[in-house]
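A single structure is presented below for examination.
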Amino acid sequence: MSLLLKKIRHNPLLWLLAFVPAVFAAEKLEPEAYTLLFVLSVLAIVPLAALLSHATESVAAKTGDAVGGLLNATLGNLTELVIALAALRAGEYMLVKASIAGAIVANTLFMLGASFLLGGLKHHVQEYNRVSARVQAGLLFLATIAMLAPSALTEVDATAKAAVIHKLSVGLAVALIATYGLGMLFSLRTHREFFGSVEHADAGEKPWPIGLALATLAGVTVLVALVSEVFVESVQEAAKTFGLTPAFVGFIVVALVGGAAEMASAFSAARKDRMDLSVGIALGSASQIALFVAPVLVLLSYVLGPAPMDLQFWPAAVSMMLVATLTAALVTNSGRSAWFVGVLLLMVYLIFAMTLYLLPPRSQ
Amino acid sequence: MSLLLKKIRHNPLLWLLAFVPAVFAAEKLEPEAYTLLFVLSVLAIVPLAALLSHATESVAAKTGDAVGGLLNATLGNLTELVIALAALRAGEYMLVKASIAGAIVANTLFMLGASFLLGGLKHHVQEYNRVSARVQAGLLFLATIAMLAPSALTEVDATAKAAVIHKLSVGLAVALIATYGLGMLFSLRTHREFFGSVEHADAGEKPWPIGLALATLAGVTVLVALVSEVFVESVQEAAKTFGLTPAFVGFIVVALVGGAAEMASAFSAARKDRMDLSVGIALGSASQIALFVAPVLVLLSYVLGPAPMDLQFWPAAVSMMLVATLTAALVTNSGRSAWFVGVLLLMVYLIFAMTLYLLPPRSQ
Amino acid sequence: MSLLLKKIRHNPLLWLLAFVPAVFAAEKLEPEAYTLLFVLSVLAIVPLAALLSHATESVAAKTGDAVGGLLNATLGNLTELVIALAALRAGEYMLVKASIAGAIVANTLFMLGASFLLGGLKHHVQEYNRVSARVQAGLLFLATIAMLAPSALTEVDATAKAAVIHKLSVGLAVALIATYGLGMLFSLRTHREFFGSVEHADAGEKPWPIGLALATLAGVTVLVALVSEVFVESVQEAAKTFGLTPAFVGFIVVALVGGAAEMASAFSAARKDRMDLSVGIALGSASQIALFVAPVLVLLSYVLGPAPMDLQFWPAAVSMMLVATLTAALVTNSGRSAWFVGVLLLMVYLIFAMTLYLLPPRSQ
């Protein structure tokens, strides 16, 4: 416990934890103050995500690679998953899908680009494991194709369409999860020697004792779940106050808030010239969301949601995911980076953000 | 002749030749039993394709590389060509196009993916000639763009459109055949040293004497033509019995039946760690179909068909070809493979197959 | 002055300068003879472009890399810029956009392809700086995505749409120019050692004295501007005489005329096995147009044009730019070329040209 407190004292990011009780107080006192609730919940999610990320890494460090990989898969994107589950239960499938697509695009363009830029400003040229980047890019490419498939059914007449798309979505979800599992088998078991340097991924800080890590994991997950519910309820109303379109909020704001902790880790690794870790977090997190979180949400919607959710995204979202994936694949092909490569990735993200920002609310 | 009989005795696949007379008997006795005719003709085409493939290789081994290359071009995909010609004469252009697009997608995704998977399960990492793979991928990419071009004309008003699309299709067909010829000149003549290891492509089995090979070639071609006619006539009716959509039959069933023999060769080569041959068969066959078989069919439709056939494919087919080509290009770029690369390719094929399987018949 | 005359005597291309006064005479005497004016202005632009290109290189050779790079950016595509400005003032935004998109496609496919082919017919295999080619391809890819973005807004209702697209276009234009500037900083300053061999780009001929170069620059720019105005006025009318569609004229004819001088340099460099220079001219010129000329025209349209111009291209143009950019990226990835690589690029260009040639005028 003193370890946890020590950690909080030394990490300014964690001072934001003070906003966690503030959110709950505000929600009790002013349930209609959406803008206030939105700002407070964003400020509270960031440190919780950081704690969650560190606790997960500590558990993974103890359990070894195989189980650690599985834990990373299920827990690494826990914030995104919990936010999405809150939206799923509320039946806000538009928000769920926007946050999935937004997270994939933010990870492959913003997180990777900013890592290359920040790392490149300090180090002239940086090298990383291109085999690992290729496998992740391949997984992402596959997921994008899967999300493209349901739109091939657009010409089907409306009554038959819904049933067909739901059948297809379940099939795609199972295929994606299976591929994700086989990908872990490949990189953690049969061909682990090609993914070597990713192993020291958790060598950055001294891991916590397993008991503390598990307790933190449990406690923080509950807190994230509660705060996320406030976030999901307030975000769309607050967006109107700021004059933001729902598309911009779902795609950009939610994605950046949900990925805040991972971004902090990726940027810090890039500054230390540990690009394997940086690229691994960015692309690994994106492929986790695409091949694990998204399909699991589709399957869970049959249990938790008011109606089944499909895997059909609107055309602009699929285009953005396709461009982001293709860009990441082309850029990481060489296994080397410099600051300008980061600029190129960030510019693609800026183009997307500008377009979504200007999109009038109605058309969405 | 005894050599031919010996070959048949030692290859269990060729026992299926017994189904060839069965097809003709069934067609005489039960011309309306479409399902039976379909099953029998599939079972009869597979061994005939295998014989044809081996006879072609034997002739190619005798005539040297340059003529052998030309022979491979004209005869390698003879099964596909004969099936397509049967459909062409019947005016079933939908089936012709579906079988062309389906063969390209099946070769670049299923044949290549299954080769990588089967080879990778036995060998840890496999290497192959990346220059050769690149040229084939480049040819395929070009052909896909050519098939994309006519859809740029969709906004033209209907009356002028047909004439324009036919003119464009003839121009594209000539350009593709010319490029295919130049590609053979490049890989067999001017830069053959870069395509080295493909040369021992026919070193697998002892070639037949030229006389036997030519006789087999002539005889089997006639048989394939006769059986294919039964296949084309029965396939759509049989599909209804099995509850399959026409799109699924044309794209998946016909493509897998037509490519059965080549697949057997490609898989066997992959198990023997001869990936150059494997990749050469998969991508080489795909580019043959795209740059030689398809354009030749367009030109032949002016002579044989009830009306000229154009090179315009429906959007979903072009998308699939584009994705398949791009995937193959990205995947073969490194010149190395492992089992998981095969899984990725097969998963893309599975996504396509699932989508086509669920597509309601009407919408096609 | 005698140096200029000597240059003219030794370069048969420059004998075409005799057509410059012919254009002005013809315009005075026969202002309605569009076909004559079109032919004369094409013949006059070619040698002027050649002079301009050489004068620019001479100035760049004197001022050093950093300023030289900026000069190349602003002056290298001066012919294209002046032609586009003439069309911009006339409010012919369709022609401006067609010439931008056409120049990008012509440079990445025709100029690069013909360089590979002509160089490859003389030299077996040619190598060039792949880092440089990658950065250029990356810039082009970014620009293509920027031009794709406004089409994401198509579903917005018409009244709001124009305003949104203009805001977005200005934002995109600023982002592209900034990226172009950062790209120059990267290749000329911080990582210049990776772009080494491009430095002897102006080592081909002895540069002119700076005074002559600057005077030529000023004088020829005025002449190009005057001739371009005649060209822009006559091209569409002349096209009707030749039975050419406006799309074909804007995309193919204007692009080839505008790039004539650079093509001459690129082809001559390829024959001398200086592929770094060849690839640098082709891709560098394309990225200049995409990331500098096009955005500058958008911004200038607020000052010079009858109405602001946006960055929205029609779908077929964006598709062609996307295919051209992707093809160039895939092809230059290896840093090696042979004649057949040139054939592939030229065939893609031929497919585009055929499609545009057959497109009926109305549908455009």
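Each chain carries a letter (A, B and C) given by its place in the written order, and its residues are counted from 1.
As a working rule, a contact is a pair of C-beta atoms (placed from the backbone, for glycine too) under 8 Å apart; a residue touches a chain by one contact, two chains touch by 3 or more.
Remember, predicted model here, so these are calculated numbers, not experimental data.
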Point to revise | Superposition of chain A upon chain C: rotation angle, C-alpha, nearest 5 degrees | key: 120
Exercise for review: Tell me whether chain A and chain B, two copies of the same sequence, contact each other through the same residue numbers or different ones, using over half shared as the line for same.
Suggested key: different
Review point. Once you find the CA centre of chain A and the CA centre of chain B, what distance in Å lies between them?
Key: 41
Practice item. Would you mind listing the residues of chain A that make contact with two or more other chains? Key: 333
Revision key, fill the gap. So, in the complex, the side of chain A touching chain B is made of residues 134-135, 138-139, 141-142, 145-146, 148-150, 152-153, 155-157, 160, 164, 167-168, 171-172, 175, 179, 182-183, 186, 190-191, 329, 333
Study note, to complete from the structure: Within the complex, chain B is touched by chain C residues 124-125, 316, 319, 323, 327, 330-331, 333-334, 338-341, 343-344, 347-348, 350-352, 354-355, 358-360, 362-363
